[in-house]
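One chain, chain A, links the two complexes that follow: it is found with chain B in the first and with chain C in the second.
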Partner chain A sequence: MGALRWGVGSVATVAVYAALFLYAEAQSVVIGLLVGAVVAMVMASRFDVLARVGESFARHERALDRLTFAACIAVAALFHDQHFVLLMLATVLLYFVACIGLNLQFGHTGVVNFAGAAFFGVGAYAAAVLSQHTPVPHLAIIVIAGAVAAVIGSVLIIPVLRTRGHYAAMVTIAFGVLFKTFLEVNDTLGGPQGLKLPGMSVFGIPFNANIALSDDAEISFYMHYVVLALLLAAGAYSLSRRIERSWIGLNLDAVRLDETACATFGIDVARWKIVAYTIGNALCGIAGAVYAMMTGFIAPNNFTFGDSLIMVSIILLGGVGNPRGVMIAAAVVLLLPEKLQMIQEYRFLLYAVLVMAVLLFRPEGLLPRRLRAYFPGGTS
Partner chain B sequence: MDIGLAGQYVLNGLMLGIIYAMVAVGFTLFFGVLDIIKFSHGDVLTVGAFTALAAYAGVTALGLQSPWLILGVIALAAIAGTAVLGALIARFLIMPMRGAPPINVLLLTLMLGTALRESVRLFYPNGSNPKMFPRLLPGGAANFGRFTLRYDSVLIFVAGVAVIVGVSLLINRSKLGLAIRAVAQDAETARVMGIDLEAVVLFTFALGSALAALAGVMNGMYYSEINFNMGLLLGLIGFSAAIIGGLGNIYGAILGGFLFAALQTIGAVLLPVSSAYKDVFAFAAVIVLMAWRPTGLIAEKSSERV
Partner chain C sequence: MTAPLLVCRGLTMRFGGLTALDALDLDVLPGEILGLIGPNGSGKTTFFNVVTGVYAATAGSAVFAGADLTRLTAQAIYRAGITRTFQRSRLALPLSIFDNLMIGNHRRLDHGLAFNLFRRVALKAQYESAVDEARTLLATFSVPLATRLFEPASAVTMIDRRRIEICRALISRPKLLLLDEPSAGMTHEETRELMDDILLVRGRMPGLGIILIEHEMNVIERVTDRCAVFNYGKRIAAGTYAEVAADRDVQQAYLGQE
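Then we have the complex of A and B:
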């Protein structure tokens, strides 16, 4: 049972790599690191390392999840005085939360949602309006924003339940476009200029002030948001894992795999779709609310159809249904364009080509979901 | 509202409707033969419009003067360019994805659309700015009170109707159309009957893409301006139109195109709030329509196979 070392080794490797990647400034170093990562991935799958790591994760899930959490804190601590890096980290974590939500809808239940960014935006705008006009405490705002996203999503429940496949995709795409157009023409919500938000403040701690350690050492104020986002991410992750392992997850999988067979066995298809859809939208809304308060400024252009597409591609790249894969894909997709300044102009093009290549040559994603294992180390 | 102004709105709606219908027919053709949604269709339209613009620069440099000749040349260039592009997309990106989950194909073509759009923006000279589209049709207009009938609009509309009638004749009357319909109904049986599946699919994609190019050129002539982003919304609208009409049905697509234009016009004219909400209204109406008729107004004829 010495398999634990494979899991520990992989978490440590990824953490060190992430730190190096975030630290690298020179374009040649960034490109070198990228090439190194690709070579390492190819070698790893060639020499069965990936399989061993996967087995290790299956056996020692709890320990390795904690280790991952600790590794995230370690990476954040390393960059404690750099605003931009911490902002990127928090953004990745918040996108991870939203993608966990979409993953529950699409990866588990098979309900497509091409309006992820719209629900993210619903949460963000809810947070903006609440924090500007009401004295509601900021932690409560996050919860309310999630609820608002779920409620607005419920407007779409009837068309989403009645339609399938392309027709269902159309409904969510139409909603995403409708939402963005609505924001652009609505003057009360700031129109195309968007809205400003005050920074968060929780239990009297102002989130937008640096933490002074001593006279010349400070921790960037973004650390607050990183910690909050990390807690949310951990919460979303364990929620998703718990749902997956429970009988709810079993029902969701059944709905995805065969609706007709499901209905014959007495599983209420509509109910489980509604459950997954509502939880997913709520997670998007929660992530959006924190994102809005972190950046302090939101505009319709942050929540376009293109952003929804980015979320869907994160899920597909990571491996549909696998939250760990989603984590890695979210980091790759969001950090890559920021670090590779020279491709900034070409990033959407490169990105589209990359996703196309993955779809053509590795359609199951980078780290596909495995069969559920009820016992550590069982069939996985 | 006076009758002249109402007439103006109706005319405007008809112009939009014919362009939307041409895009929607493409969506429905692709869905017919391969059961896929090709979301890059709108961006193929952009490529068509920009090909026409490039061809315009080329022929004027050669010293061609007659506007009709120029129009013919640039339309042909756009059609040929996008037909080849459509066939290449079908051959190298869509055919290999047969049997993959529909969501993957949808995402693949969405990404392809992004790639095409970005390529136009990055590689067409000064591509990120809107471009003037040349006025090649005779100007002038007939005035009836507040109702102005631009001659070029009439020509564009007539051309659009002619193209759609031509395509529907091709699909319903010709032998090639019979092959397309056979593949749409059952690809395997069609192959057993000796129909070259790949050739039919490639032809259908070329045909649909050429339609999109014509729609792009018409759109450019109507507004006298094109930009790299135009395909995104037009593609989305064409897709909505094909969906509310009912996928796989060419008449449904035409109906859907005009219906969407009607919704937009109604949204712009009759809504109590500002006319800027017309797209919000149109897309909301699409969602409601989908809730009411989940497989479109002219429903797909298919039974569930268990």
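Then we have the complex of A and C:
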């Protein structure tokens, strides 16, 4: 058990599948691939392949993490001249960063946040204002946007600490709706028309210019954003793992599972909720800032309650508390409607059905979280 | 005579019109096992909740090792050295047995953000000594259980869960341990085993005071040094088991008025 080849095989399979899926144009091929994926998942769980893959990931985590990173680069390289595919890939990676933040809040600490898209939006608007009106370097803008999202999120800390369950959900829903309304009526932030942003430029490299390879071949300018998003995703993943595998991760779990019991063992419930909430919102803000500079245009309609729900459904689908599951789910949820045009209109219906099916048949998500191993890979 | 570990004077807890604890006086000495008995609803668990800071007392005082803890938070009371188990097991079942023990070990671990995120080598050293300690402590209760440190707490039997809960309360080396009906839902045989474990622990941790809520009179008779009887939030008797059992008020509380 736990042989490296199972992990390598699964990463390779997912990468090849992702490439095929991104390549497919004809609707019949797309549907065929989807059916294939469902059948493969069912077979894999029946023949214990999933368990072996999971074991392999637990044993050889570092090597497989690097392989996953390399696989992402390989898929991006394959589509190096296709703007739209690279845009989608970068979007998936940025949503992954934001969802890692929400996962720290909800999956680990049990703090519900139905305003993920609003904090994403705070980061996006912060980036828009800073890049238009100040000479702050763009990398610094990303950091500042994360800080702004965390600070604005702190407005909600008192109501979030005082409420639980449905009531806490209501507080964040209200914030998300108010945020969008605030943007729509605020003329300095562009009102309903939104704001334009210049493309990023880092260390003198203009992100919005294609990279010429030879006279007739070039790499899409979106590759810059894919690389940046991939680095951020790797950073967020590593942060999330380090938090999980430390006494902090234990405190967050303890707070989620039983507030009264953990208070009698000295755990400061409010402190850990604030820590998770702040880090989570900052990650949403960081992702939003890059997203805004990548698309070059943002409007209130990019950051609706529906978008927040998409983020929550990514976490529920992927596996609450498991960053790897979040990655897969982010890809599924965001790529599916782009590829299957016929469901564009019905995508919320589809997500609802998917989430309900997962909650019914696999309540811990597609890839359930494993027990905490503080220092995985060793023998203990 | 040694100074008492815990001194409660006039401790009162009211919930609206209900007086759950009524001007309670109670002392606990270091190293003793004090049995707490009384009919259901007589205020035993409420007493634990007040002493551990889950509820704030309406009136009166509880002084622990010379410091007033009546107005302290649950967290501060834990740091002062009082830990407890719960009547209905409150383990974090999805987490590993080790994780559950570490929840109880909170005050002896470093929770700084920088330490946990960036000083992984130092964290690993702390982690390894904690694993050793957890294993040793569990092994005093049950050697097979100690080998299952990294299995989920949900995977073990009821008696093992109780043992884990007691170890979670003991690992931070408290001065006073509150056990809320540790034998609830267990067979006589299991109860005997658990009580033997508790006596063993007491032998190894001199000075540790224990308050034990228990309904089984033979258990009380066997393990406690003294007991106190509660009825309607009042302490109606205190003394050795024999003295208390002979008390008329106690007999009335249990058997009813003639």
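One rule holds in what follows: the second predicted complex is superposed on the first by the 371 of 380 C-alpha atoms of A that agree within 3 Å, B and C clash if a C-alpha of one lies under 4 Å from a C-alpha of the other, contacts with A are read in each partner's own complex, and residues count from 1 in each chain.
As a working rule, a residue touches a chain if its C-beta (ideal position, glycine included) is under 8 Å from a C-beta of that chain, and two chains touch if they have at least 3 such contacts.
Since the model is a prediction, treat every value here as computed from it, not as a measurement.
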{"item": "Partner chain(s) touched by A:I267 [first = chain B, second = chain C, both, neither]", "value": "second"}
{"item": "Superposition-derived comparison: chain B or chain C, residues of chain A touched", "value": "B"}
{"item": "A:V275 touches, of chain B and chain C: first, second, both or neither?", "value": "second"}
{"item": "Partner chain(s) touched by A:I243 [first = chain B, second = chain C, both, neither]", "value": "second"}
{"item": "First (chain B), second (chain C), both or neither touched by A:R164", "value": "first"}
{"item": "First (chain B), second (chain C), both or neither touched by A:M223", "value": "neither"}
{"item": "Touched partner set for A:D253, first chain B, second chain C, both or neither", "value": "second"}
{"item": "Shared contact residues on chain A - chain B and chain C", "value": "260-261"}
{"item": "Complex contact set, residues of chain C against chain A", "value": "52-54, 73-75, 77-79, 83-84, 86, 90, 92-96, 99, 102-104, 106-107, 109-111, 113, 116-117, 120, 123-124, 127, 131, 150-152, 168, 172"}
{"item": "Complex contacts: residues of chain A adjacent to chain C", "value": "239, 242-243, 246-248, 250-251, 253-254, 257-258, 260-268, 275, 371-375, 380"}
{"item": "Residue ranges of chain A in contact with chain B within the complex", "value": "106, 112, 156, 158-159, 162-167, 169-171, 173-175, 177-178, 181-182, 184-185, 260-261, 305-306, 309, 312-313, 316, 345-346, 348-349, 351-353, 355-356, 359-360, 363"}
{"item": "Chain A contact footprint on chain B (complex, rising order)", "value": "31, 37, 93, 96-97, 100-104, 106-108, 110-112, 114-115, 118-119, 122, 232, 236, 239-240, 243, 247, 274, 276-277, 279-280, 283-284, 286-288, 290-291, 294-296, 304, 306"}
